[in-house]
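Here come two complexes built around chain A, the first alongside chain B, the second alongside chain C.
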Partner chain A sequence: MRRKSPERRTGLVGSGAVNVLFAAPALLLFGTFVLWPLGASVSFALTNWDGYNVPHWIGFDNFTRAFRDLSYLWSYAHVTIYVLATLLFEVTFGLFAALLMNSSKPGYSLFRTLFFSPVVLSWTAAGLLWTFVLDYRTGLVNATLRALGLGSLAHPWLSDPVTALIALSLVSGWKYSGFYMIIFFAAIRRIPQDVYEAATIDGASTWQQVISITVPLIRSNALVCVLFAVTGGYSAFDLFFTMTNGQPNGATDVPVTWILKQGIAQNQIGYGAALTLILVVIIAGIAAIYSRSTDRLRVTQY
Partner chain B sequence: MKIFEWVRFGTAGGIALLMSFPTVWMFYSAFKSNKEIFTSPFKLPYSWSFASFVNAWQQGNLGTLYLNSLIVTVTAVAMAVLFGTSAAFAFVRLEFPGRQLMYRILLVGLALPPAAIAISLFVQLRDMHMLDTLWALILPNAAWSLSLTVFLMRGYFDSLGADAEEAARIDGANTFQVLFMISIPMVWPAMLTVTIISVIGIWNELLFALLFVAEPDKRTLPAGLIRFFGQHTTDYSLIFAALSILSFPVLALYFIMQKRVMTGLTGAMA
Partner chain C sequence: MKLFALAAVSIASLMAASSAAWAQTELRIAHQAGTESAKVMDEVVADFEKLHPDISIKQLVFSSADYENTGLVTQLQSSTPPDIYFQWAGYPVERDVKTGTAFDLTGAMATDGWKETFQPGLWTAGSGTTVDGHIYLVPTSVGVDVTLWYNTKLFKKLNLDTPKTWADLMTDVKAIAASGVTPIVIGNKEQWPLGNWISQIASRLVPPADYEAAFNQDGPFKIPGFQHAFQLLKDLHDAGAFNIDMATLDQDQGMATFFQSAAAIDPIGWWLVRPKDQISDPDFDYAQFNTPIIDDTTSNKDNVSGSGEGFIVNAHSEHKDAAIAFLKFMTSAENQAKWIAATGQSSPVIAANVGANLDPHVAEIATLMNTASSLTAPPDTSYPLPVARTFYQAAAYVASGDKSPDDALDWLDATLKSMGKQTN
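Our next item is the complex of A and B:
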């Protein structure tokens, strides 16, 4: 029985300015520990503050300095390689796993549970575990190679600039592809069954159905996953800090590890804040351009 | 067709085992000696020894770290979920000037990486004399969790009708009573989901933990284990025991409530 009194349609329990009190604790906490420091970093970025002495206004000097800071510029090259690699190892592999594990038959639910399990592990645990395994002298990978008589293939995986970034990306893929698998899996499950039934009647094979029905219909989810991987990837920190922290010789520094070395370890609060703002603007810019250019592709019609 | 199904089952099962193996291997290797880890890396332990767990617990001062992690996680999650639910209730069920704007501002945290404010937050916490206290981790972590909490709770409130709440209102309950006696019992499944997401996130949190706490006795497990690792870079058994101690709670939570964890962690995106 539905009565149609006006209050019922508004769904409101109360009105009046005093109700802001119910949102006040959240707003206060968020304002103090997120918005305030965010605003403060804008003003710090325009100074040469070391965190202790009186700050001096230096205009945009920190920003021009940033564009001459080769380590900072290189850190974007490193993180871009990492982001591109995670699109393969996390998003694409996650999509592949979702297609493979999309089944109601016995066993598959357990497979998905196991596949997802590294996601809940901390990046710290994942990073330390793999640092041990990949160590040149005592690592398990090289120990196994030597035991098999393949000692010549033993390699300083994390101290060679080329293999270090690949190794980090692979560990990242192991740790996080389950996240994208579940998103794709949920999206696949939302596709109405009658679409497939129609295709089966038309004589389409399972493989044809995957290519011409499933993949196009989860396109919008794929676009969101890519956006998430890119914006998250550019602000990566935990794994890089845990496994290499820029070693060897800055070859694996990413923006956040470099920013923290400048800002906190070297007490350059002003400069660090400027580097942070540049990173935030770049991430927001990528997200905005990406969202705009993929807008038309997002519409899903069953 | 039959063959295709078996190949598919085998491939899916093989990949699933490979993905979970490193974690499983970490757990059972902690029961071995270092020598055994190297001579037969993949075999199950010859004898299950808790020696490394005891050593790691004592040498790494893990009892203290564990307690710190527990205090930070429980307090921060309680604040985020309670304040976030109350705010979501206000944004959906109450009307007051500026509520749309306030909601949008709270969502800023969804798009922002924590690193974006790490440096100025460091200075701010220092000026508030909070560095090297657990509050330096509790308050920022709770604040960061609010965005997702409010977002998910608002969606849940939106999906439910307000009939019960309005009825209580008509019966003379005040807004506060409506929230605690009617709304919270109604939305608790969503509160449980956001609790689990926040617990996993804050238990594993590293950036703030590294920057805002330098004193060994105030560290949380992830930050403490990184230091511990630096001192024992060749002792596999000891480090694996420490990592197992760090990972056990979240993995246990995951295997007990896997559906909720999976949909919760990915729910904001799907």
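Our next item is the complex of A and C:
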């Protein structure tokens, strides 16, 4: 009997072209729902389309206008302050919470669940909830202050340009620090116990162990958390929209709320598309620079 | 043979059923509706379908904010655009005519005396229902956009009269502020409530041609009339007239504040009116006065801020006759009377209001409309939206004390210049 010799693969399979066929459904979906809308946004951005009239090509006018639009430029200042605040109220606070709740003793699991619970709320629900809490006339915060005889401290928290952005950042911290707490908690639990045991034998205090062991060994997780906070922060929308929608007088306008006002509420879809593309480039740029500059810091050695 | 006959009968009945389905016309109607108006619309639609079994109606209903921001534009761009759609009178109608979306209803209005069933003032040039003398909007509602609603009990308690002049208003405001109550509440989160009021004030002080030029970006805003109007806002701010949280209170919260007697005056439109049983304090009572006269030498010294709304037939609709038939049915005196009974609003159809059991507050503002020397529509229904909204922002700056009148007007002119000429 003649043995079959190993068949040499030819044609579609041999050349690897068949792989394209396997990837086709995913490519089709990606093209339809990501690339095509992105391309459409680019083409809209070069027109004066208002959603009703036939769009006319206006070149880069929308982009040059964006750099003269002071409200849009200020929105980046507001969102940068917000991003810095989230690094403090969400990431740093999440880290402290993870350190404090890193225990297997009874009750700690419940604490972690409670601390995490706001994360499962939608941003819109959280925004509405806190709008009521911070309401000047009937809100819980001012009502409590008045009940304690501290009525003079009652304040229109969301209507004062000084306190509005701080209030939003605090609410954001309340809502999302639990997410970072869980990431840090998982990372801390992964650190081998013998490292701590060795440090204890060497006489290191708890604080020294945190600074010299825990923090360096969860550095790569911290870098990812910072990336999430920064890129997510620059595209923040729901909380701002539900709580203040840019008020008072633009003091809490962030890029996305401003884009929505221009593109949708004022029927300037072409201009809104141009503002969106600028935002996309900025966020992608920040993410790329951050990733490159932190590449070497991601290596964890035990 | 029997089997063959049965098959033939089945095929024949299937064909008959499918031809009936083909004969059925589906009318798509996009509109915004509140709870009460949605009920009446459902009833009108059901009655119409009974009368016209060959027409079925599909309603595309949105909330007011969704309709204005995204609902209508997405429906008009869809592959199955509505045959009839709700629209505000004024600039949106002009835009729809320009884009070829609005169907000319002049001919339809001329048949069967349909046009004569409406208040004649609705067909004047400033009413926003016509463009170049052609009718494009079938009005279903016309109302006051700004009037000063006030708490009658509070006014009585403080021994205040309703003001006849701006100076009287300032006197009242100071007296109310001294009593510890917020004189004027404005839920200005979306900025149009204050914007509508300051527009009415400005329209009385700025010569009409200059007003028109400024909003069309053909002239500056920093001119004496607008400076005067903004100075009046500043005077109110300095007198402690406004609620401290006006920037983040929405219009509904503003009205709630008024109904809870936490503020004496709410300058807003006809939609503030609430049936007695919906007000938590049974003793609460309210009335309204138009913005008092500021300068009795101007042509618009006692104008009323008001506008209409209604329905447009889509020029691209394949069922224009059915659409017109429905709008005729909807604006019949009988159906408009149902509308009045359910919503308490007055109707633009003359016969519907005769003997109607109008809410006294609605009757009051209907009288205000009928006796108005002139009507001015808010800028966000009369001029390009980006210009109107930027004007509203400038007014909000002054009312909150963030900018002086001159600084706000400088900011406004500079912002509009950087924006370029707006046409939408």
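Methods note: the second predicted complex is superposed on the first by the 270 of 302 C-alpha atoms of A that agree within 3 Å, B and C clash if a C-alpha of one lies under 4 Å from a C-alpha of the other, contacts with A are read in each partner's own complex, and residues count from 1 in each chain.
To be clear about the criterion, a residue touches a chain if its C-beta (ideal position, glycine included) is under 8 Å from a C-beta of that chain, and two chains touch if they have at least 3 such contacts.
Keep in mind that this is a model prediction, so the values were computed, not measured.
By the touch criterion defined above, A:Ala284 lies against chain B but remains apart from chain C after alignment on the C-alpha atoms of chain A.
Once chain A of one complex is fitted onto chain A of the other, the partner contacts of A:Ile264 extend to both chain B and chain C.
Looking at the shared chain after the overlay, A:Leu128 reaches chain B, while chain C stays out of its contact range. Contacts of A:Thr80 after superposition: neither chain B nor chain C is touched. Contacts of A:Pro248 after superposition: chain C is touched, whereas chain B is not reached. The wider contact with chain A, measured as residues touched, comes from B rather than the other of chain B and chain C.
In the superposition on chain A, A:Phe44 contacts chain B only, with no contact to chain C. By the touch criterion stated above, A:Ser220 is placed in contact with neither chain B nor chain C. When both complexes are overlaid on chain A, the residue A:Pro156 reaches chain C alone and has no touch with chain B. In the overlay built on the shared chain, the residue A:Gln209 is in contact with neither chain B nor chain C.
Put simply, chain A uses residues 51, 131, 135, 264 to touch chain B in one complex and chain C in the other. Interface residues of chain A facing chain C in the complex, by the touch rule stated above, are 48, 50-54, 61, 65, 68-71, 131, 135-137, 156, 158-159, 161, 164, 243-245, 247-250, 261-262, 264-268. The touching residues of chain A, counted against chain B in their complex, run 7-8, 11-20, 22-23, 25-27, 29-30, 32-38, 40-41, 44, 51, 97, 100-101, 103, 105, 107-108, 110-125, 128-133, 135, 138, 140, 143-144, 174, 177-179, 182-183, 186-187, 206, 221, 224-225, 228, 231-232, 235, 237-238, 241-242, 256, 259-260, 263-264, 269, 272-273, 276, 279-280, 283-284, 287. Residues 4-5, 8-9, 11-13, 15-17, 19-20, 22-23, 26, 37-38, 41, 79, 82-84, 86-87, 89-99, 102, 105-106, 108-109, 111-113, 115-124, 126, 139-140, 142-144, 146-147, 150, 161-163, 165-166, 169, 175, 178-179, 200, 203-204, 206-207, 210-211, 222, 225-226, 229, 233-234, 236, 239-240, 243, 246-247, 250-251, 253-255, 258, 261-263, 265-266, 269-270 of chain B are the ones that touch chain A when the two sit in their complex.
Residues 68-70, 73, 76-77, 95-96, 98-99, 101, 189-190, 244-249, 257, 262, 385-386, 389, 393, 396-397, 400, 402, 415, 418-420, 423-424 of chain C touch chain A in their complex.
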